[in-house]
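Chain IDs A, B, C and D follow the sequence of writing; residue 1 opens each chain.
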Amino acid sequence: MLTPAMNETLDRIQEWQEPLLKDLHQNPELSMMEERTRGIVTERLTDLGYEVHQIGGGVVGVLANGEGRVVLHRADMDALPIREDSGLDYASTATGTDLAGEQQPVMHACGHDFHVATGLGAAAVLAENREDWSGTAVMLFQPGEEFGDGARTMVEAGLVGQVPAPEVCLSQHVLTEPAAGKVAVAEGPVLSTSQSMTVQVFGSGSHGSMPHLGVDPVVLAAKIIVSIQTLVSREIAPGEFGVVTVGSMHAGSSANVIPDSATLKLNFRAYSEEVLQLLVEGMERIVRAECEAAQSPREPHFETIAEYPVTDNDPAATAAVRSALVDHFGEDRVEQMEPATASEDFSIIPDAFGVPYCYWGFGGYAEGSEVSPNHSPKWAPDLQPTLRTGTEAAAAAILGLLTNGI
Amino acid sequence: MLTPAMNETLDRIQEWQEPLLKDLHQNPELSMMEERTRGIVTERLTDLGYEVHQIGGGVVGVLANGEGRVVLHRADMDALPIREDSGLDYASTATGTDLAGEQQPVMHACGHDFHVATGLGAAAVLAENREDWSGTAVMLFQPGEEFGDGARTMVEAGLVGQVPAPEVCLSQHVLTEPAAGKVAVAEGPVLSTSQSMTVQVFGSGSHGSMPHLGVDPVVLAAKIIVSIQTLVSREIAPGEFGVVTVGSMHAGSSANVIPDSATLKLNFRAYSEEVLQLLVEGMERIVRAECEAAQSPREPHFETIAEYPVTDNDPAATAAVRSALVDHFGEDRVEQMEPATASEDFSIIPDAFGVPYCYWGFGGYAEGSEVSPNHSPKWAPDLQPTLRTGTEAAAAAILGLLTNGI
Amino acid sequence: MLTPAMNETLDRIQEWQEPLLKDLHQNPELSMMEERTRGIVTERLTDLGYEVHQIGGGVVGVLANGEGRVVLHRADMDALPIREDSGLDYASTATGTDLAGEQQPVMHACGHDFHVATGLGAAAVLAENREDWSGTAVMLFQPGEEFGDGARTMVEAGLVGQVPAPEVCLSQHVLTEPAAGKVAVAEGPVLSTSQSMTVQVFGSGSHGSMPHLGVDPVVLAAKIIVSIQTLVSREIAPGEFGVVTVGSMHAGSSANVIPDSATLKLNFRAYSEEVLQLLVEGMERIVRAECEAAQSPREPHFETIAEYPVTDNDPAATAAVRSALVDHFGEDRVEQMEPATASEDFSIIPDAFGVPYCYWGFGGYAEGSEVSPNHSPKWAPDLQPTLRTGTEAAAAAILGLLTNGI
Amino acid sequence: MLTPAMNETLDRIQEWQEPLLKDLHQNPELSMMEERTRGIVTERLTDLGYEVHQIGGGVVGVLANGEGRVVLHRADMDALPIREDSGLDYASTATGTDLAGEQQPVMHACGHDFHVATGLGAAAVLAENREDWSGTAVMLFQPGEEFGDGARTMVEAGLVGQVPAPEVCLSQHVLTEPAAGKVAVAEGPVLSTSQSMTVQVFGSGSHGSMPHLGVDPVVLAAKIIVSIQTLVSREIAPGEFGVVTVGSMHAGSSANVIPDSATLKLNFRAYSEEVLQLLVEGMERIVRAECEAAQSPREPHFETIAEYPVTDNDPAATAAVRSALVDHFGEDRVEQMEPATASEDFSIIPDAFGVPYCYWGFGGYAEGSEVSPNHSPKWAPDLQPTLRTGTEAAAAAILGLLTNGI
């Protein structure tokens, strides 16, 4: 339960928190390229009195406040290669270089700007009201969530051992549901397992007027995209959750040159490893067969570019978080979270520490308003009460867990 | 017929012509970006005593050598956005910025480097042997043939009026047939009509795990590519020449983001405008229907990016060219040209002057050797006798037409 | 609870029940063509002392046995147009004329032969042990379940009014799960809603060598079948139950004649009317668009050939049935029924009477044995204990409901 | 040149020839089932004084009329499994049993009724005017042209040896071009080579609601039909004649049962064996690959059901036929025949005798009228002057070759 002093802190920090949100939104950074954001986080945490660690592209602030439990809260910092079309007056026009060295438009289309701003807000509530709690808060800001590599990178860079070991890890996400001003939480699997892959298929280049002298990789790739629709429509059980998305296809540059290859990027999702494997293996089988059908001169190339585990909320940790949220918001503003089709690498962090976790959502759009989903170029959650709600939720959950444990 | 002195010139110029060919090959420039090549041509023509005109991105050298006929010879200068894989020791590793501002690999994969080098070689033969002929030679070097805009650009920039009006126009192309050392010519239609288009189809972006909240333009584009195969297989008469190639497809950048649109570049070819129109209209019909099937939220966008007329050799001009080539090479080295599936914008120039024309080919690969076609990343004609044959053919044809008319 | 005398009856009737099952299996009849089966049912019910009604292609036996409740039990009688490949020594080699007048192979591939035999078995248990219960048993044998028309036909022929009004309706199905010897029951939606449609698309006939003079309905139909896969893979939410199956496609008869039309039969399933409608409307949208893409000369023709409601077990009726089954079989042999993807027209009957219902399953294959699903040409449940279990389940449930109500 | 007496015969025979044409049209018979037609031909030839032979389902009338050359004229008798939609007052409503034992609608949609009637008309002209010519006329009426088996069957039944050996063979076909009243002839290849095949692909049956438990052969077959479009659009050279038609597809019978297999009938055509082989092998490659992609449980089954050679008119025989036709019709009514996309088994007969042949066309539709092509349900050539022109052409060519040789 937040104290009256904490609520005053929440009012006071709006003077820097709202400008910070807009600044982050206008200066988004691609995955594993979050240099500017990391600087802002580092500076703010330092100012607030946290002991700050730079680990694997991320930042961790530790606030040791006497005896007690250790609780870790994680926020992610990266943005997406999407050209913003939100109409916001603080919309991004930024471009950035991605890991492959290519120039891309960049947009905070998944709300990680809110995660950074609410994470820093909660850090301020804790730091400016140390007399009201005891224990240790570990505020972790993670890079590269969108490609599933950021949490792993921090773990591989030695996260465990460099910071106090928590007994529970927490994280939250701004969502289209529940409505703005509300939060939602549920035990069990709330986010899917996911695998992203690059598939390159090979043709044999020729002048566009001489298709019979080459092998057309554009038609080959198109046949593959059309054919793999049956993985979901025919190969998994009706009603079984499974998704195959081809998010990117690229081949050639001229109208009249048949190129040598085509490259697809695919994403697979499921709530079980068995179904995920069925989808991935089915895709590989279809791709190989279509390459044979097309007399492709080379084996197709498959590469996994991101993998996410299932996010499976611990029942006890979830009960404790729900209790803290209900204490703060009241029953009416704490909904049952629907399992989402998206994925997260958050659970890699508690898994590295061997501790339970809970992941919940807070609303971004006013009840009944038109909604653009996460990852849409039109994604544009209401600045308020979204920012305030997220900050309160993070602070309430951290404090609840520090105080009562799970 | 070339004089003995002209043959001596041909021997002598090899000392700069072969290095020039390699230099051009290693420094290819994309269509309408031929700045360096234009400089080389200008300098060489000026040195040879030509009066040089800069017109619409091209260069024209005029050599007025007394009374007589006016003959125009045209060579094209541009290269293609292809990453060279020829294995040549003078292979290109160049990149260049295309008209859309994008960085591309660049390669002389269509032999225009040979066209520049043989055109300058023929210009030298004429300039250094003025006592052996009279009349006016107009040596035109054209930009941007690959997108069909270069000839038009020169005409629109005032070509007619700035240079002496020819009574016939000539041009040649290095080809995989006939064999190196030979030439080939035919009257009537020898190259197809062609239209290149960009087609953009629109979806509605979403997170890759939520396809039902968006419209997937990748699947839409793939269905279109697969579906338009029936334009050739079912809609034109069997045996009717018609080609539909999708040379380029691009959509999205992340595996797990459904993008907002997909862009295809298509090339259509035929030997008649009726068939070309059937193919283009059929494509538009299928694209619109697939957009309806997919509930695409916006009308597809169609844009023509290049158009080529049929290249239809004038019978009298062809007879005169053939006669000149047979005089020089002998019957054995002058073959009947097969109508090719490629297209050219050359005929726009004679059409602007209202005069007849002849377009012929010269061989690039030794008899019986393995051949990589024009526009292949492996395109690599033998340097000799290709360069010498092309230079002789241009010189012989120009001199034949200057001397005997058509 | 079955009395000892009833168990003796169960033993005794095996002498006619097993031969009856084999006879029905070898003499299957297509939907709404169940003349022979109807005769067998009528004769047996009459022999047992039931008052027999012929209603809308079905048979209803009424056994009024004093004061008390009225309970209706329904069994379906029809077989499928499938060529049996079960390897059973009593496999069907029968053919039959379907409603469209076409000759078809026929097979009891959905186990309705078991339903008839167990229904008559339960009828015998009731008739031969009248002293052990009172009330009225209504034993209904329905035609045409496979096309969804049989229950409706009986209702339209005046079922309500011709037989005593029940206070609850019961029905059961032999399934691949639970194992043979067990039963399974669950409250709520246990079977999907379903719609079957015929779609005819039109081309324009031509000689096979002149596709350009016609419109090819075979390619059109194939494009449609491929394209509608995205209804499930992209248009409904991942994890939402929805199925689109094209069970039949027919066009043309000669290799070298392009026919005038192609006919598809499609089946759609969902657990909600909204999703069913999305699938059906999406199919119609895609079919119309593909017809436009193909320049089809006529509007496609859509016809609904079968519709099934959701089967949604009443909680109280289900509790009563479960209680009766547990009393008879013990807890170990009564499992929780998984919602199935199939559909039934059973609920049309209780809906016509305005009374609750319960529908349960009994196992057909021994634990751990290899299983061929319903509607497979290899469908072959074990004769025993399947037949005995189904008979006991029907008798126990009917008696339980007659005795205790819901 | 027909004599005045012959022209009188032509006038006179119309009283039976026109009713005969209508009778044949209303009583069409499927390939190798031409019993009634054979009877009519036998009776008429016998009445005219021909010595009649029954050979392999066909009829041959021999008229030995003194010394001289032997000329064979062949007509085909069979009809197609097409439901007539011509609107003619003598349209067929007939059905017939095909070789596979299936009931089919039947229609003379390829004009073989005209071939029989004109063949018998020419036979009458010859028989009733024996004083005007000498030599031997062999009037052959062949079964089963549509499946390519009839000529072969007659040869295998001993045609050669049973009838006088001709020095040239002749045949003609009613066509949509030239116009009615005209004939058309050309030397060299005038009809394509052709191969018809049955392809069966295997799935694994299941209930329509459980696609994941089976393998869907309907979707597999549809993917194949769509995929093989690229054989023509991408694998043969643009402008090369090649056709792949799927004239028939059949799978399943119920909407909600996934069947075990799907059967396609395909026809392939080309003007060269190399291209034909490329198409057939390409189809097999694609079918096998799609079966792998679909995890089909059995190898696909391929069976050739008909093969036709190229029809390649002998230059000398063609010159002689043209000369005879020009003598009779005048230059204006004898056009240059365009190579047609259809195929014929006629050439199997002259090949069996080892003699040259000529095959020509006669027009069926008035100049400028709307035309329904051969094999269309709307095929309906004008009765006259078609019938008269065909009779005159056959008589003139036979007499010309008998008189002047080749």
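Going forward, a residue touches a chain if its C-beta (ideal position, glycine included) is under 8 Å from a C-beta of that chain, and two chains touch if they have at least 3 such contacts.
Model, not experiment: these values are computed from the prediction.
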| item | value |
| --- | --- |
| More contacts between chains, A-D or B-D | A-D |
| Farthest-lying chain, centroid of Cα atoms versus that of chain A | D |
| Interchain centroid distance [CA atoms averaged], chain B/chain D, Å | 46 |
| Whole-Å separation of chain centres (CA-atom averages), chain A against chain D | 67 |
| Interface hub residues of chain A, defined as touching at least two other chains | 209-211, 216, 219, 223, 226, 229-230, 233-234, 237-238, 240, 243, 269, 341 |
| Footprint of chain C on chain D - complex, ascending | 80-82, 85, 98, 102, 104, 109-110, 146, 192, 194, 196-198, 204-211, 213-214, 216, 218-219, 221-226, 229, 243, 245-260, 262, 265-267, 269, 305-306, 340-343, 373-378 |
| Residue ranges of chain A touching chain D (in the complex, touch as defined) | 209-212, 216, 219, 223, 226-227, 230, 233-238, 240, 285-286, 288-290, 292-295 |
| Interfacial residue positions of chain D with respect to chain B in the complex | 226, 229-234, 237-244, 269, 271, 341 |
